[in-house]
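Labels for the chains are A, B, C and D, by order of writing; each one numbers its residues from 1.
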């Protein structure tokens, strides 16, 4: 009795030669452009995504969405399912939160990116949101990745806490091999010995991934920094290095945020960051 | 509108003071002893678990189980669901593999530990096996941890690739908070810059965890080393440091293993390791 | 018998409250501007330093210096003393190399930055060069740091391979406490588990150091990347994040470099990088 | 003009094939035994070295040496030159400290191991002590390593804070290539993201180094743990893994130590550790 059919053996041989295939630039030499609504990741336009860490209330989301529309941020982020280190921390508003996000989309014309954490939440997120986020802690939750491959929505795939670039691209390969090539990679800082910042933003990942893969890559300076004061410089660095977008935590009132308050920008600082990122984008021949 | 009920607020206050509670030694000053069949983790007897990385065939498992019985290894390991870095690698025999493991238990009187990777596999593993393993990549798959809390079987919780000891104990707290205190912690090497070994065995985790928590802790020298030659010294070190058990990859023919061949012991080397580990156990006042 | 005098005890108390003092922004709230010849680190002008890893021959240095003058790079780098991992690798041309660098300064009007590795080489470097470089491997060579404090020349202090930002600033404090506040900090990548790049550029170190200290900070994208293709994006990111300068390896013929060839730019690529860095500098309100 | 002579080129070719040569097991298949006085590192006897972090006073050293003699510890450790992170911390008693150590040797028959930090201190240490220690921060201070190669005394070479095993062996190769093959390697914990312990003891380094090199290797559990409670389990693990010795910080009164108090054992705990380590040594066919 054997599990190996002839075809699978052949694939294993291919895989041994080159760990990723569908997401490799060898397979697709041109940059992939991932279209969502009327925006495009991987184009000359740098895509900004912003909003609170967690959906906390209808008011908080509407106020955020209105501001995003006002300053021209096309994608609203906000977690309805929150993977928290402690079982005693706020775990998110779930479907109720998704419905609030969907209402914000209707009213303010923003697209929605939000995280899925298992098969059930994935089904809900794929129904209510525009982009499915897979978080760092689930980057090698392979069963979830397989399901994302079949969910029919673009995915924002965050790099794992201590994932190598190869492992990250292999996670993308899981999604691709199960049918979904609309993948946006997101560098959000890796774990190192340095404790001043929450994580260490691996800015080099931008040009390295661009060389290895055709997929767009965005930067999450908020989870990397862990402190709002350092978010803008990292956002500028990300755009300068060639990132195709930014995802930034912002909150109407960071001091009262239920999660990630210290790393959340208030709206005035977000507006300033947008201007600065726009100037860097221009310097590298792009726009926001 | 608020998500926080009065009880949850109180719990949050407690959690803020001390991140883990149920798994903390403050909560339970005595060592926990986790009984499975007629063995006990956390007792004076060091528990050895061994077997192949993956269930590959009925013959392979029966040969392994017979040998484990022969040399007195009470627990057989073997993966029916394999979380693999590549989507093109062997993903495991699933339920068919579980049935083979269960047959081995009947014939050779060994207990079975095997990994679950999502809700569906968890239900199957909980039905067919004695101990549910949660792998390093799923250590912060919180939805899976919640389900493990309700699965009714003891759990072997591996430390994440780059998890701090606090995060690992918080993962255990998830399982505990959802109803299951039969948790065996497993140190299997952490990710560092050193590349000679597959991972870096954090041997200090044994005394540190013993001080912070009442739960038993075992060592996986195979995934730490990545090379079979270094497994025995690490196994001896684990027992010397106070580990309550060892989980060791062994294969009837490592050269032909479908996964983890280089780090798998052959049976002769496993038998030698058992003798050496037994002598160390004696030196620290325990037995195998 | 006791080693502690009354004054030292008082200093110890101060040090316990705040690990660094002279290099802290609390001590000197304004940005320090370090003047060398007619350039200034920490001003609105971003200072570019470039040249080969090692001084290999008079021709190589003259060709490099001529090109630096041609494209407006004000500081020539080049190692006369090379700390090499292997005792069998080229260890540098020593004083002969320093004299070549000094000749290049005379002919082409470039300033010279070059590394010192012990007391003897420090005396020579301080005599022949404009800026003394202390390399990553010597960042906690405290006896050397004490001597640098008394050498009378500005110092470029590279961050250690795995030094925390606090340890790096404490190394600067050694130099300052021994009499030299003309310190330029240099982030050159830290050691992590990621192997695609030679090191991981900790771009966050720029805003973090700027908040903690008044000293200027520059970026070395070459040693971080390890591959010339990724040097330009990292250089742009450094300027965007607020770095006061860049130090970049460039070689007339990288393929024949005696050390660090793969990460060295050729002169055409260096010229392109200068243009790109200039555009980013403008976007953040500075010039090259 | 070229720096490369014909002989050096040939050596470079050899070095390219195999980074270390003299310290490699290929070069010397048998275990090296390093004899110092009447003890031997790399023999069947596990060598214990213990004493305070720093030489603080004559009384402290004499009390320590008397106790070491009493319990059969053959080597007294104690720093006369202290490489400290802060310039405001106690920097050691220098030659005065060395003389106290030498007096302790005369009175109590213990051998002396103590650290050198530059050329000057090296000359003094080589004159007054039996074993020259090179600390983690100086592991790639290549000029110091060259001088150690000619100092005429055995060297205890600590692994750098974030040195790979290859880099550590290359540092040993520097010493060997400059004339000194009496090298004892010392694993003292590496820098990782885990903060519970001061460093992460890389216990795997013992069998890995034993395979690659003929040199003896000892373990420093004190600097790895950072807390005295965890020193004994790590010491036992070290002996179980095959280490040829242990170097352990112990102080007559840890609460009043000028440095490293929290990780120092008191004498009663040291005596217990000796018994435990002796039992483990016996279990692996050795003695203390």
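Convention: contacts are C-beta pairs under 8 Å (C-beta built on N, C-alpha and C of every residue); 3 or more make two chains touch, one makes a residue touch a chain.
Being a predicted model, the structure only gives us computed values, none of them experimental.
S.K.: Could you figure out which pair among A-B, A-D or B-C mirrors the C-D interface, over half of its contact pairs being identical by residue number?
M.R.: Matching more than half of the contact pairs of C-D: A-B.
S.K.: Taking shared residue numbers divided by all residue numbers at the interface, is the value for chain B and chain D over half (same) or under half (different)?
M.R.: Here the answer is same, because the shared fraction of interface numbers exceeds one half.
S.K.: Using the touch rule from the top, work out which pair, B-C or A-C, shares more C-beta pairs.
M.R.: Looking at B-C and A-C side by side, A-C shows more C-beta contacts.
S.K.: Taking each chain's centre as the mean of its CA atoms, which one is farthest from the centre of chain A?
M.R.: Farthest by centroid: D.
S.K.: Between chain A and chain B, what distance separates the C-alpha centroids? Give it in angstrom.
M.R.: For chain A versus chain B, the centre distance works out to 32 Å.
S.K.: Any idea how many Å lie between the Cα centroids of chain B and chain C?
M.R.: 47
S.K.: Distance between chain A and chain C based on Cα centroids, please, to the nearest Å.
M.R.: Comparing mean C-alpha positions, chain C is 35 Å from chain A.
S.K.: So which stretches of chain C touch two or more other chains?
M.R.: 162, 191-193, 195
S.K.: Tell me, which parts of chain A touch chain C in their complex?
M.R.: 162, 164-166, 190, 192-197, 200-204, 206-208, 211, 224-225, 229-230, 233-234, 236-242, 276, 279-280, 282-284
S.K.: Please give the residue numbers of chain C that touch chain B in the complex, ascending.
M.R.: Checking each residue of chain C against chain B gives 162, 191-193, 195.
S.K.: Sort out for me which residues of chain B touch chain A in the complex.
M.R.: Residues in contact with chain A: 1-4, 8, 11-12, 14-15, 19, 21, 56-58, 83-90, 93, 117-119, 121, 137-138, 140-144, 146, 160-162, 167, 170, 173-174, 177-178, 191, 258.
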